[in-house]
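Two complexes are shown next, each including chain A; its partner changes from chain B in the first to chain C in the second.
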Partner chain A sequence: MSDIFSLISQSATGLFHLVVFPGGLFALLFGLVLKGIDRKVEARLQRRVGPPLLQPFYDLVKLASKETIIPETANKTLFMYAPLLGFTGMAVCLALLPVPGVYYGMENMGDMLVFFYLLPLPAIALMVAGSSSSSPFGALGFSREMTLMFAYEVPLLLVILAVAMQVGGEGSAEFSLRKIIEYQREHGSFGFTLSMLPAFVAYLLYLPGTMGVPPFDVAEAETEILEGPLLEYSGGLLAFFQLTSAMKLVIALGFGVVMFFPGTVAGGPLVNIVWFAAKCLLLMLVALTLCKAATARMRIEQALSFYLKYPATLALVSVVLAWVSL
Partner chain B sequence: MNLFSDIVVRSPWLYRINAGSCNGCDVELATTACIPRYDVERLGCRYCGSPRHADIVLITGPLTLRVRDKVLRVWQEIPEPKVTVAVGICPISGGVFRGGHSIEGPIDRYIPVDVNVPGCPPRPQSIMEGVLLAKKIWLDRLNGIAPGHKEERHVSLP
Partner chain C sequence: MSEALGKEFTLPLGPMHVALEEPMYFKVTVEGERVRHVEITSGHVHRGMEALATKRNLFQNIVLTERVCSLCSNSHPLTYCMAIENLAGIEVPRRAQYLRVLADEIKRVASHLFNVAILAHIIGYKSLFMHVMEVREIMQDVKETVYGNRMDLAANTLGGVKNDVDAQLFGYITRSLQRLEGHMQEIIDIYASNPMLCSRTVGVGVLPKDEAIRYGLVGPVARGSGLAVDVRRDAPYGIYPELSFNVITETGGDVHSRAMVRLREVNESISLIRQIAANLPEGKLTAPLPVIPAGQGCARTEAPRGELFYFIRTDESDIPTRLKWRVPSYMNWDALEVMMKDCAVADVSLIVNSIDPCVSCTER
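And now, the complex of A and B:
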């Protein structure tokens, strides 16, 4: 009997983490507000007035009110399910996102590797979308998205390895986010550790690539390949892509905060949630908004060689430093 | 329902169709978007690259014979409800190209135009006023006050 109760309570907490916090509602609202702040600050940096703060919400309501067109020549099943692929991937990933001081995800398992495998899902969803929409621009976007993904996944893997080796010590690696947070509570945040600084810079450079913002928005370049994979999407299906992007923003920023600045403050869980959100916001302003407002789009081969040269090298430096345990 | 449509019209995405324009109006459209003083993003607007994402479509140029079929096809790709704005004197009357051998315009021979923004080229202020008017028409259409394109008339490809 008690087994059944514990099972029910377990699945209830699991559902809570999936639907309310940190996944689901919290992440959606937080991600959309972050996007609104991003657009407003970018406009102010360019001396424009900018859209209202709640613009991403208005966009979603608008998209829901529009007609959804599915092209006759498209592969209908794939075309319909591509947005859901990215959305569900991000929803599951969010349920595992630790919020330091409040929630620790999968506790003692190697959840960092789960993040590494789930994070590219929106990009894969875009690839499926581009290739199933039967438009030449979609196919172009598909090939660009794939090239870009190969470019930015290399530094991400090296960053994860550097952090894991620093925590593991003595040549071994530790892939549990809870252990990583606890290690940094004792030894100081990796964002302020000299040997981890190159990895942190590499992660900062990884962020604009994975979020597809300038100068790495080559796959969705609206002025050259007409938004590539998203070209044929309209209405509700396009809204799903926007939701996925907002959730991915929270995951990418939250993952960075957990790896490099997981410090907590005294006070209840509510204070720590606000503290976590503030750190995410700061990370976004530095890595995405500033970068977006100041740069123009690269060509695909420039983006590829950039990622394989600089962030990968920086992360590799950190891996070596962690290996010789400096 | 009213609140819903009030929120919907706060996010008008703009799409530009060049129907054989001399590029003067297109430069003004870019100005409207890029120069801080005008900044259409404050109205929630965004220039989108795909006709499938558009709500308000801005057409420039006198509709030449060569682009006619393509313009009509792209216009039909835009999901309903949509609002059409003719920017510049060319789509309205043909402008300086009126009577030319390759001119198929004025554009409302083929497409139901909702707002005319005259000028050669029009100033950014009048383009923004045109977008605001288009927003009003869009709201009326959502509330069922103004007729939509579907019941109004059909575009037939020649």
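And now, the complex of A and C:
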């Protein structure tokens, strides 16, 4: 009898984490507000007035009310399911996102690797979208997205490895996010640890690439290939891409906070959620908004060589430092 | 990266495209990220203006030519009026000639700044775009304050200019120029040295000097390839012989050189406007107008984009039997096929913008 109760309560909490917190409702609202802040701050940096803070919400409402047009020459099934691929990937990923002091995801399993596998899903969804839309711009966007993904996944893998090896110690690696948070509680945040600093910088540089913002918005460059894969999308399907992007923003930032600044503050869960959100916001302003306002778009081959040269090298330095346990 | 799309395919750029300010259709044959062939189709904004000109009288055509295009909206009526003055032998008063140069140089500054701002927009440098456009706004304010309009100045009329610019307005212009000059130094530094900007523009869309001569290029595009052509110096008109200015050239022949030519020309224009403010003579604004005789006349000026040529044929009526103009973009856009040879898809719109194409002028 007690088994059944525990099973029900387990799946109920699982559902709660998927739909309400930290995934689903919380992440969507938080992600969209972050996007709104991002747009507003960027506009102010460029001396524009900028859209209202809630503009991402208005956009979604508008898109939802619009007709969805599927090009005649498109592969209809792929075209329809591509946005859902990224969306579900992010939804699952969010249910595992630890919020330090409040929620620890999958507890003792190697959930860090799950993040590494799920994070590229929106990019893959974009590639599927681009190739199924039968537009030449989509095809170009597809090839660019693929190249770019290859470029920024290398530093990400090295960053993850560096963090895991630092926690594991003595040549082994620890891929449980809970253990990583606990390790940092004892030994200090990695963001302030000298040997992990190169990895942190590498992660900062990884963020604009994975979020597709300047200077790495090559796959969707509107003045070159007219939003590329998204060109043929409209209505509800386009809204799904925007939702996915907002969720991915929360994951990418949250993952960074967990890896480098998982510190908690005294007080209840609510205080810690706000603290977590504040850290995400700060990370976004530094890595995305400022970067976006201060740079021009690179060509795809420039972006590729940039990622393989600088962030990858920086992350590699941290891996070596973690390995020799400095 | 071209493995994913090994075969050639066609990329339709335009006629409506975010990076193009006006409709123009490029059928770009692409292999991976490389452009193999470009086919240019134009004619989307043909309005039959040359035919319209033969339905209107000589005065109405001043208004018509001002509306050929917005960015060179002063060069067209100016050259048109000059063609008629050459035909009828009208001597334009000196004060009017000074004021004509004033209007033309103000427009040149705004036009050049607009083009380099769009360059920043195309490479995704939105902050720089906003900054340059904001600096350009100084010139827009000057236009609005002095002439009452932000784009069409309506400065020219047959035999002179329409409105006077008094000492108080010149004071305002000089103060504005001072503000502009401070910003210009900063902007030129940014364009000359910003590593991101340079990595996207240096060596892109190269047009060697011999090709520039072969295609008969004009304006900043020719000057960016080291070809020192400038109608203001080569075939002086108005009071340009009395003013001192440099013909700016760059030797790179790439997108970056063309942008630098435009930016440095802004400084030359600022100096020209200062000279006008200092030396403006008193006098009439218009010459008395004789009956325009039957005959043919032509005139050419240096528009912001290069040499602008007007031809007019009249009978003794007040309606021209033929009005024909050749615009700088017509000469320049054929050279696109040299510039775009084997360029990257990412650079197509950048190269198109670098010749500052004025589609509505060319197709009129």
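Here, the second predicted complex is superposed on the first by the 326 of 326 C-alpha atoms of A that agree within 3 Å, B and C clash if a C-alpha of one lies under 4 Å from a C-alpha of the other, contacts with A are read in each partner's own complex, and residues count from 1 in each chain.
The criterion applied here is as follows: a contact is a pair of C-beta atoms (placed from the backbone, for glycine too) under 8 Å apart; a residue touches a chain by one contact, two chains touch by 3 or more.
As the structure is a prediction and not an experimental result, all values here were calculated from the model.
J.: Is A:Ile37 touching anything from chain B or chain C once the two structures are fitted on A? First, second, both or neither.
T.: After superposing on A, A:Ile37 lies clear of both chain B and chain C.
J.: Check whether A:Ala296 is in contact with chain B, with chain C, with both or with neither, and answer first, second, both or neither.
T.: A:Ala296 contacts chain C only, not chain B.
J.: Contacts for A:Met80 in the overlay, against chain B (first) and chain C (second): which applies, first, second, both or neither?
T.: The answer is neither, since A:Met80 touches no partner chain.
J.: Who does A:Asp217 touch here: chain B (first), chain C (second), both, or neither?
T.: Only chain C is touched by A:Asp217; chain B is not.
J.: Touching A:Arg48, do we find chain B (first), chain C (second), both, or neither?
T.: Both partners, chain B and chain C.
J.: State whether A:Phe142 touches chain B only (first), chain C only (second), both chains, or neither.
T.: second
J.: So, does A:Glu232 touch the first partner chain B, the second partner chain C, both, or neither?
T.: first
J.: First (chain B), second (chain C), both or neither: which does A:Leu18 touch?
T.: A:Leu18 sits against neither chain B nor chain C.
J.: Of all the chain A residues, which ones make contact with chain B and with chain C?
T.: In chain A, positions 46-48, 221-223, 225-226 sit in both the chain B and chain C interfaces.
J.: Give every residue of chain A touching chain B within the complex, in rising order.
T.: So the residues of chain A in touch with chain B come to 39, 43, 46-52, 55, 57-59, 61-62, 65-69, 221-223, 225-227, 230-235, 238.
J.: Under the stated contact criterion, what part of chain C meets chain A in this complex?
T.: Residue list for chain C touching chain A: 1-2, 4-5, 9-12, 17-19, 30, 32-33, 120-128, 130-131, 134, 194, 196-197, 199-200, 344-349.
J.: What residues of chain A sit close enough to touch chain C in their complex?
T.: These residues of chain A touch chain C: 45-48, 136-137, 139-140, 142-144, 146-147, 214-215, 217-218, 221-226, 292-302, 304.
J.: Within their complex, state which residues of chain B touch chain A.
T.: Interface residues on chain B, with respect to chain A: 4-5, 7-13, 36, 39, 41-44, 47-50, 52-53, 55, 77, 79-81, 142.
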